[in-house]
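Below: a set of structures, written as structure tokens.
Paired with chain B in one complex and with chain C in the other, chain A is shared by the two complexes that follow.
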Partner chain A sequence: MDMKRAYYEDVELFKSGTILFWTISLMVGLLTIPLLASNYHLYLLNLIMVHIILAVGLNILVGSTGQISLGHAGFFAIGAYATVLLMTKLGLPFFPAIIIAAFISAFFGFILGLPALRLEGPYLTIATLAFGLAIMHIIGHTELFGGRSGLSAPPLDVGIPKLGWSLVLKSDISKYYLILFFTIVMVWGAINILKTKVGRAFVAIRDSDIAAEVIGINLTIYKTLSFAVSAFYAGIAGGLFAFVLGFFDPVTFNMLLSIYFLVMIVVGGLGSVMGSITGAAFITYLMYALFKNVREVPYVGDFLVTISQRWLSITGMDNLSAIALGLVMIGIMLFEPMGIFGAWIRIKKYWKTWPF
Partner chain B sequence: MGYLSIENLSISFGGLKAVDNISFSVEKNEIFSIIGPNGSGKTTIFNLISGIYHPNEGAVILEGENLVGKTPDRIAKRGIARTFQNIELFANATVMDNLMLGRHIFMKTGIFGGAFMWGKRSQAAREEILHREKVEQIIDFLELQSVRDQFVGGLAYGKRKLVEVGRALALEPKVMLLDEPSAGMNTEEKDDLTIWIKDIREDYNVTILLIEHDMNMIMGISDRVFAMSQGQKIVLGPPQEVQRHPEVIKAYLGEEGVV
Partner chain C sequence: MPVGQLIIEGLAMGACYGLFGLAVVIIYKTSEVVNFAAGEMAMFSTFIAFHVLTFYQCPFWLAFLIALVFAALLGVFIEFFFIRPAKNPTLLGLIVITLGAELLLMGLASWKWGAEQQAFSLPVSYKVTYEPIKGFIISEWAIAVFIIAAIIMTFLYLFFKYTKLGTAMRATQQNKHAAKIMGIQTDHVFVFAWAFSSVIGLIAALLLSAKAILDPQFMMEPFLRAFAAAVLGGLMSIPGVLIGGAILGLLENFLGYAWPVWKPITAFVVIVLVLCIRPSGIFAKHYVKKV
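Moving on, here comes the complex of A and B:
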């Protein structure tokens, strides 16, 4: 039973032995997976983790604070470009570069948070949408940022090359461990933020901004802070994304990507860290791997691909992912508006009292 | 000059004078009730005091400091807490979190301190524990133990009203504005609430401004009653006197009213 004896048990990270056990099992699993997985699967896992970082950050803004953003591809791009440029143009080592890049992204988040003080609902959506598009075009028209032809990521050196201490991560497996480290730290941070003063203030603003104000929460500070935190997460994710892809251009960070990010947290479950994680993993799988896997399904695989190419597409290209995403979105909205995580909670509750 | 003074307060919405040149002053530790028919401007006065509206004219003075022009969060930090007529709680948070939000102004943990909370002895965790203890006292006081970890959105109306009082109390205010706290409660709950309001005044040293429609409750606990109608003052005095005042009866029952 979850009998509590001390106030600290309310805020503890591992609330029970069971949770601690599963967390450790998960960690061991995550550390051993790369030894078994192919390069392709590692690449997919790396993308999933990058998207998890971003989704966790986006969920703080959308799920917990109740603000909306259709411009997160913009912050993602700022993170990627700033990290790479700080390393190639200024010669900074990787770790300071990605942290500074995330702070630059957070600064832009703060700027975008200012109109959010006056705008709500559809108006804020349009403002953030415009921000994402503007970032894409500014990058595309600036020579320093590589223009339309894009940028290549430098070798991923996690040491300090200037001091002769150099450690280049070349393989997908070494990148996997680096990204895993960032993912764990960022997820842990998000869980803690939501449990302490700042996270509670975010939730207060979402549920009733008038009541939040009369209990002493400064809306200006906390709304812009929420944008900044969310953009910080997107910045870190972008910095890692640059090295997963190796090469990127402005079109990589198009508007559709922002929409996919939003889909991740809605499908996963708004306002929950676990929801962001499941949603990001699920949608990333649909985005990048469904097509390949469907083809391998015996008997019907080829048939499905042919159908999608012949009759459901105007370009003759495969678009199973887009169709599947659309169906999943409609299904989730119809049957489980709280997302995958909401469904999980329901099932858990059901089994707790099962025979009764 | 009292503890909390309202001086010549006026606000109009378009052509309607919602509050018209209202003045009164409340003594420290007083229970001061405001009564009047619907639409007479009672809640508007609360909104003016707590900074949600800014008056066209006049002043709200707490311990010699004018609060007019300050934002609601600053006024909360000056020591004014309130509840709402239609309940403004954080519905998707637990009772505990709602009350913890009442401690917001006393907490110092920033975003980084919170994010990197590690172990029982970190500054963030120690602060959490300290304030959880304070909140637990309020939970004890208002007998909310049974709903402690439940989401506020699913609670009965009377309980939610009580959680809102608890949240206001968590701010350790000097002045508490209670806007129809007994609405939607049954007789038993109303009796409990009456006792709690008296206790809040005695134990927590709070000055209370009360808007109520329940005449029994007002007669039972008010030190003074302020009656108003259509934004204007009718009479201010001890409860029994106000109850018998012909203008008050007229405002409630119309011209030919007989009690």
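Moving on, here comes the complex of A and C:
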């Protein structure tokens, strides 16, 4: 359906004028949202954007390179803790701190990528799981990292406080613009990575690593690179997450969070940047908005409360989000294995060739 | 703490992990699905036993039977409604489905029983102890664990080796299509494997619940350890998972005794190191994938 006449068209960022137009309108829309939204919605948007950065990175690893990771909460935690500690203990300004934190996270990704060279399938799953658990445990038992009681983020100062040039972002609106900037840069980066030699090497490894090696792709370099890039994204997301939340402890980064990250990209669509964005937005909305306040939903909320009182327990009602997420995961896998993005492609194809 | 007791405790925990790892291995052996929901399936069945026991004042054996039947039905249900309808699933797809089932069961259990932490009383307690040889203190619970594990292991070994169904399960694992051609109803084999795995998981969870407080997350850590034990044993062999469990239990107890703070993760670190040297576990024959 999309006819390509030259190779150059395959690497273009905007495939057509329509896409360029809609991208620009989306940007304008995103820039004007804070004027209309309430503080709570801005907080939600910030969370969504943080999760988008992470999901895009995770999708490079899982969707494009085909390596399973159940330890991404670990990289997320490294990003958050490293950013905050570099700012409070070493007094670095925000931008160098978050970049260095992301590189630390990428280094850990590289380390985790080394065993991944030999492991696959369930064995890789247990290795990444062990990594996530180990990070959570180490953070929880070291004084430097605040132990079990957690850390709180310092004021978000994007200037250079040591030179007396400081610019403290206090409101959710200013944080929104900062995170939006990071999100756009990171998403743009991911789209570009996937169009270069590196991205094509990742996809070749996913489809068949032996065949990829035969055509001259160095598996050692590209597999570890994939882990490192993915961890870099998680590090940036973690650093921003620290400031969205303001306070965090090791339990924030538990194993369930890694599972939720995986759900985001699976629901959105594996191997596509747009899929990770929709998946992250959808799942974050479900988790942090819809099911946190399910009691306020008209009719359904009352109905659920009645059921809870009659047969189940009213205090356990907060676990509805787990039930719903479980059902969403299973449903997506059974009925639309390519995720939301796959459904979108199908609908598009259907209308392009309609009435045939 | 004397060495003897560390060994016995470690072996008893290891036997539990091994037993629970069996639940993972049986499913993986027949259908190559890694069942991440195993822990929550066992947890849910344990809660059923607990519910019957406390609210209807049943005797323990009746509650146990009811939970057993429920566990089998739960396994059948999940296979039939969640795994079977998946169209040409990938490994990741199956992992996601079982993770979804895990979240679903955990959510349901916490909705029903999550409000307060429950104490669950088994007929065997780990507080009643004997000292047959000097320095080796063994609790009633550990004796029960050893006996039950031995019975189940022997049974499974004989089952897979000598019965028709066991042979059919092994054949299905090696080549599903060839098994179908030879007249094996692979669908029945899968359903049976899930029911079987769920029942074994329940038994392991009941044994483990003696040492833990019953709450909807009490099987998460043991599941990870059982999974690790199964991976260590190669995910395919039944003696392998038992030995993997024993190694894991001993490692955890000894390293945990040396560095109590790091007890929950030492075993995992060792396993990752082992996997780096033998990528498919200690007891697996490594099949090289064809292009």
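As a convention for this text, the second predicted complex is superposed on the first by the 334 of 356 C-alpha atoms of A that agree within 3 Å, B and C clash if a C-alpha of one lies under 4 Å from a C-alpha of the other, contacts with A are read in each partner's own complex, and residues count from 1 in each chain.
Keep this in mind: a residue touches a chain if its C-beta (ideal position, glycine included) is under 8 Å from a C-beta of that chain, and two chains touch if they have at least 3 such contacts.
All figures in this text were calculated on a predicted structure; none of them were measured in a lab.
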| item | value |
| --- | --- |
| Partner chain in contact with A:Ala102 - chain B first, chain C second, else both or neither | neither |
| Partner chain(s) touched by A:Asp207 [first = chain B, second = chain C, both, neither] | first |
| Which superposed partner A:Thr125 touches (first chain B, second chain C, both, neither) | second |
| Contacts of A:Leu44 with chain B and chain C, given as first, second, both or neither | neither |
| Which partner reaches more residues of chain A (counting touched residues only), chain B or chain C | C |
| Touched partner set for A:Thr196, first chain B, second chain C, both or neither | first |
| First (chain B), second (chain C), both or neither touched by A:Gly216 | first |
| Residues on chain A lying within both footprints (that of chain B and that of chain C) | 208, 210-211 |
| Residue ranges of chain A touching chain C (in the complex, touch as defined) | 62, 68, 114-115, 118-123, 125-127, 129-131, 133-134, 137-138, 141, 208, 210-211, 255, 259, 262-263, 266, 270, 308, 311-313, 315-317, 319-330, 333-334, 337 |
| Chain C to chain A touching residues, read off their complex | 28, 34, 82, 85-87, 89-93, 95-97, 99-108, 110-115, 220, 224, 227-228, 231, 235, 261-262, 264-265, 268-269, 271-272, 275-276, 279-281, 289, 291 |
| List of chain A residues in touch with chain B within their complex | 6-8, 10-11, 189-190, 192-193, 195-201, 203-204, 206-208, 210-219, 225, 229, 271 |
| Chain A contact footprint on chain B (complex, rising order) | 50-52, 71-73, 75-77, 81-82, 84, 88-93, 96-97, 100-102, 104-105, 107-111, 113-117, 120, 124-125, 127-129, 132-133, 136, 167-168, 171 |
